[in-house]
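Each of the two complexes below includes chain A, the first together with chain B, the second together with chain C.
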Partner chain A sequence: MRRYLARKLIIYVVTFFVAATIDWLLPRMVPGNPVSLLLAKMNLQPQTYNATYSLYMKAFGFNRPWWDQYLNFWRALLHGNLGVSIYDFPKPVTSVIADYVLFTLALLIPAILLAYFAGNKVGAMAARRKSLDNTVLPVGYLLTATAYPWLALLLAFLFAAGGIGHFFPISGGFSYGLIPAWNWAFMWSLITHWFLPFLTLFLVAFGGWAIGMRNLIIYELESDYTHYLEALGAPSKLVRRYAYRNAMLPQLTGLALQLGVIVGGAVVTEVTFAYPGLGYLIFQAVGNDDYFLLQGIFMFIIVGVLVANFIIDIIYVLVDPRTRVGISGA
Partner chain B sequence: MALEVDHLQLCYRTLRGDVRAVDDVTFTIDDGEIMGLAGESGCGKSTLGNGLVRMDVRMRQLAGRVELDGEELPISDEKAMRSFRFKSVSIVPQYAMSALNPTRRVGKMVSELLKSRGFDYKSALPELERRVKLVGLDADVLKRYPIELSGGMKQRVVMVISTLLNPSLLIADEVTSALDVSTQRAVGEMLLEFRDRKFVKSTMVITHDVSILAQVADTILVMYAGKLAEKASADVVINSPLHPYTQLLISSLPEVGVRHDEHTLVGIPGRPPPLLNPPAGCRFRDRCPFAFDRCAEEPPFMEVKPGHSVACWLRTKGAAPAGGAEPC
Partner chain C sequence: MTVVGHEGDLGTDEPVPVDKAPVDSTGEALTAKKRFEFLYFAVRNKKLLIGLSVVVLFALVALLGPLFVKHSMLAYGPPFRPPSAAYWFGTNYFGQDVFAEFVYGLRESLFVGLLGGCGATVIGMTFGFLAGYKGGMIDEALNVLCNVLLTIPGLVLLILIAGFLHHTSAVIEGLLIAGTTWTWAMRAIRAQTFSLVSRDFVGLAKLSGEKSRSIIVREIAPNMSSYLFLVFILLFGGAILVAASFDFLGLGPSNGMSLGIMMEQAADWSALPLHLWWWFVPPGAAITCVVGGLYFANVGLDEVFNPKLREL
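Coming up: the complex of A and B.
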């Protein structure tokens, strides 16, 4: 077990190293440079421009050779320093992220978990009831094949812009007229703004889980151990419980694989609803050539996805005895 | 009389029509009898065995009746059959190697199964452990996952589980087919021991391997293309069979001490007829070296000597043609 975890950990460290390198490289491949954009906002006189430009280039270290910048990136990262945001200059990247991260987590965590559990339950029910299956199957395929921004626009049109009604606000994280505070008015505003982006993420993921679970359960119900249980007169309750439990295993692997995709979906969904989460922030950072902010957000996502994957790895070992036997080398 | 099967017809529903895999089958198994059911692949032997325990969704009972211990077995009623399964009629399936849930410890699975049927695992545990030891396994296999057991161990565990409630009838479907010869012998001895210790009242051993039946069976029933061909005591079927199919089947078995470069083993040329719209008359007619005009009619399955029934016009009294060929 310890050897298995150590091996896994090495894989995760290597993955992190590669991902962080790409994270450093990608923003720098975008044409333009952050300093000129930053100075453009400052309305400087032409004579001071050049001096300020070279000062800032030096301050950010952009005048150094690329390998030196790369090593500096690692040095700063290991000290927990993600740099200074250019978009929100001169705030440090960590505190910019802190302002936005709660919105994204409030969106992602419930959407991922609820879609996972509800999708599995509904898929399992569809697998044994033909009438339900006739609805779940086409709807599930439709949902899982839907692009996040398209569904977001559709929901915004139907429920916010008056397609069906004006039930929800169309954009933002809360009403601009309110000051963040622990009171009902503000909470309610948060919830109504949260609902449509959440629903978008939930629905697309839900369709995928339901279809997956349905197919897996049907497969499990045709397996030998199911037939043996039935031949020994086991009631369908027990048979279904075993099938569900065993069908959960591939779904769990699927969850680990899906995490990155859902985070990507959250980015476009947040942009669509102008929801002040990390996705929206990424959009702003790209527009401002903000290397450090982009790096910081991606670093946050990379670490989040890797940690979640590691947790799923551990859960998998706990729920599937076959992996444990493999680990102990039997 | 433990099991009485009377004119049973089972078919598979297919898009092209009904495939009658078990056609008008009548036989009995006595208390304490181990009956071997032999025949080649596709002759309907597994369909018959499965049909007595659990018909799958494609199967239908067209006619006939099954009685176990004088009580009708409602084989085509999925719900009503549930209470009989495991308790009165049980099966060791063909796929015993993969019959156990891979994510449950063996003992846990048995306890959940017993509980779901309204039995208490704790009170059954001493007997379960005793039987596990009886088949040569350590009691701690109950604490293991199926993946930690070898194929032969899984086979034995499944046999113990299937017979735990002392069923009247045990159907052992190809229990030796995937095993090496020494394990085959051990499994054969288990079948005898289970009978002798009254874990099961009567047993039906389904196999295509007649040699295992020579070891365990009291009587042998030979099926061909969904029909009964011959039934007699194991001795008689192996040493002096009357149906030409049985004769050819037995003679195509290898014997110890015979060098097959001098004495070539012969098989049975040809193939069984399709069971979707089978031809009228004796179904073995096309492959039978002794076929004659009468074989265009279907031969009845008749007792020709005490305890020896056969479905062949050659053996039916008064039906043999004058100067007809005498087999073997």
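Coming up: the complex of A and C.
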């Protein structure tokens, strides 16, 4: 078990290192450095331009040798300093992120967990009932084949913009007329704004889990231990429970692999609904050329995904006894 | 549909007995037999037929669509028109023909998807074969690289890159998508290669002094060609989906049209409150149909290639 978790931890440390290096390297690799791009927006006279340019280069430390810049970057990063937002100057990037992160978590965690459990249950049911399978299979495939922005637009049109009705607000995290407070009016506003983005993320992920579980259960029900149990006369309920437990393992690995896709989907969904989460913020940062904010959110998302991966690893160890005694590990 | 229907005439001969022996470079006759066998099952597989016909239908629209476009994308007619005989898919906020945008957008989306899918397949194959065949340190290094990229959310990485790049073209977009989506393909191909490397015919090829490159190309790859094809189909579909999100965020080609850009413009120019559903429903529906068709064809092909899954 130690070896299994230690190996995973090494991968995560390497991932963090690589991601941070990409984060540092990218602005230095693209043609036309960020400073000249920033200044291009300012419409400066040539004289002022040169003076401002060298001032900015010095202020951001671009005039120092690259290894010094790189070390500085790490020093700041390890102190939790992600720089200052350019657009929201002079607010530190970390506190800008703090304003948005709760919305993203409130969206992602329920969507991931509910889609995972509901998808697994429905998929397992479809695997043994042909009549259910005939609808679950095509619907599941269509849902996974749906682009997040389209489902988001479609739901917004049907249920918020009046395609069918105006049941939900079309954008934002809560009504602008309300002041954030612990009262029912505000909570209700939060829930109604949350529902459609949540539903978008839930539906797409649900399709994938349902298909995955269906295929896995069918595979498990063909395996030797199932035939042996049946030959012993075990009740089919018991057989199904064993099949379900065995199918959970690849699904758990799949959950770790799907995290990145779901986070990407959340970005697009938040943008569509102007839902004030990290995805909406990173979109704004790109639009405003707010490079520090862009880099900061990237690092923040990486840390979040790594933590989630590690939690899944621990659950895997709890669920799969083989990793505990060290016979084999996934 | 046309392609399958044509090949169907060839495939309705007597069923050929299943032969599970691996295809090696000397088995010409065997390959021919196998091909007939695949066709026999292919034309009888509903999932494959449905999936493939949907994909071919949209490919035809992309190829031949420009012949039916009556209004230039840059011509500004009456705005907000619902679908009619003059404007098949209606007109948008500016009075542009949505059908024209759809046809050219579909072309670009399929092109980016194809480029992304091909690129990711090539990278995944190269790394997968290398890791699986060489093993040892190379395998370890490639595996770490793969795991690192698997953990970093692809779309977020793409956003970061695009945020600094400022200008992208369809080709750059396709290559960027290929560079971030090959990971699971490599894992799958690596695992398959592992299981083939220990087989006798690979050992024989090694003994006879064949170079690693030619062993991979002539002995290993042909034995998992069907698998590689399935991997390509999934990567193709996945690339279309990623490109749609990427374009929707306004990061796509600045001087072009794609299905994602159509949805972006519809969202930006009040298609929702103005109820211009004909502006954003066709592009998204086309993506769902094409990608769904690819997934269905994938399942069908899996049943055709894999004797265990065939329903007889």
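Here, the second predicted complex is superposed on the first by the 280 of 330 C-alpha atoms of A that agree within 3 Å, B and C clash if a C-alpha of one lies under 4 Å from a C-alpha of the other, contacts with A are read in each partner's own complex, and residues count from 1 in each chain.
Everything that follows uses one rule, which is that a contact is a pair of C-beta atoms (placed from the backbone, for glycine too) under 8 Å apart; a residue touches a chain by one contact, two chains touch by 3 or more.
Everything numeric here is computed off the predicted structure, so don't read it as measured data.
In the superposition on chain A, A:257 makes contact with chain C only, not with chain B. Set side by side, chain B and chain C differ in how many residues of chain A they touch, and the one touching more is C. Touch criterion met: A:230 reaches chain B, while chain C stays clear of it. In the superposition on chain A, A:180 makes contact with neither chain B nor chain C. Contacts of A:61 after superposition on the shared chain: neither chain B nor chain C is touched. By the document's definition of touching, of the two partners only chain B reaches A:319; chain C does not. In the superposition on chain A, A:165 contacts neither chain B nor chain C.
Legend: residue contacts after superposition of the two complexes on their common chain; A:27 is shown touching chain C, with no touch to chain B. Looking at chain A, you'll find no residue that touches chain B in one structure and chain C in the other.
Contact residues of chain A toward chain B in the complex are 223-225, 227-235, 237-238, 242, 245-246, 249, 319-322, 325, 330.
By the touch criterion given at the top, residues 144, 147-148, 150-157, 159-166, 184, 237, 241-242, 244-245, 248-251, 260, 263-264, 266-267, 272-273, 275, 277, 280-281, 283-285, 287-288, 291-292, 294-296, 299 of chain C touch chain A in their complex. Chain B contributes residues 50, 53-54, 56, 81-87, 90-91, 93, 95, 98-105, 112-113, 116-117, 145, 147-148, 158, 161-162 to its touches with chain A in the complex. Across the complex, chain A meets chain C through its residues 11-12, 14-15, 18-19, 22-23, 26-27, 29-30, 32, 34, 37, 141-142, 144-151, 153-154, 156-157, 160-163, 170, 257, 259-261, 263-265, 267-268, 271-272, 282-283, 285-287, 289, 291, 294-295, 298, 301-302, 305-306, 309.
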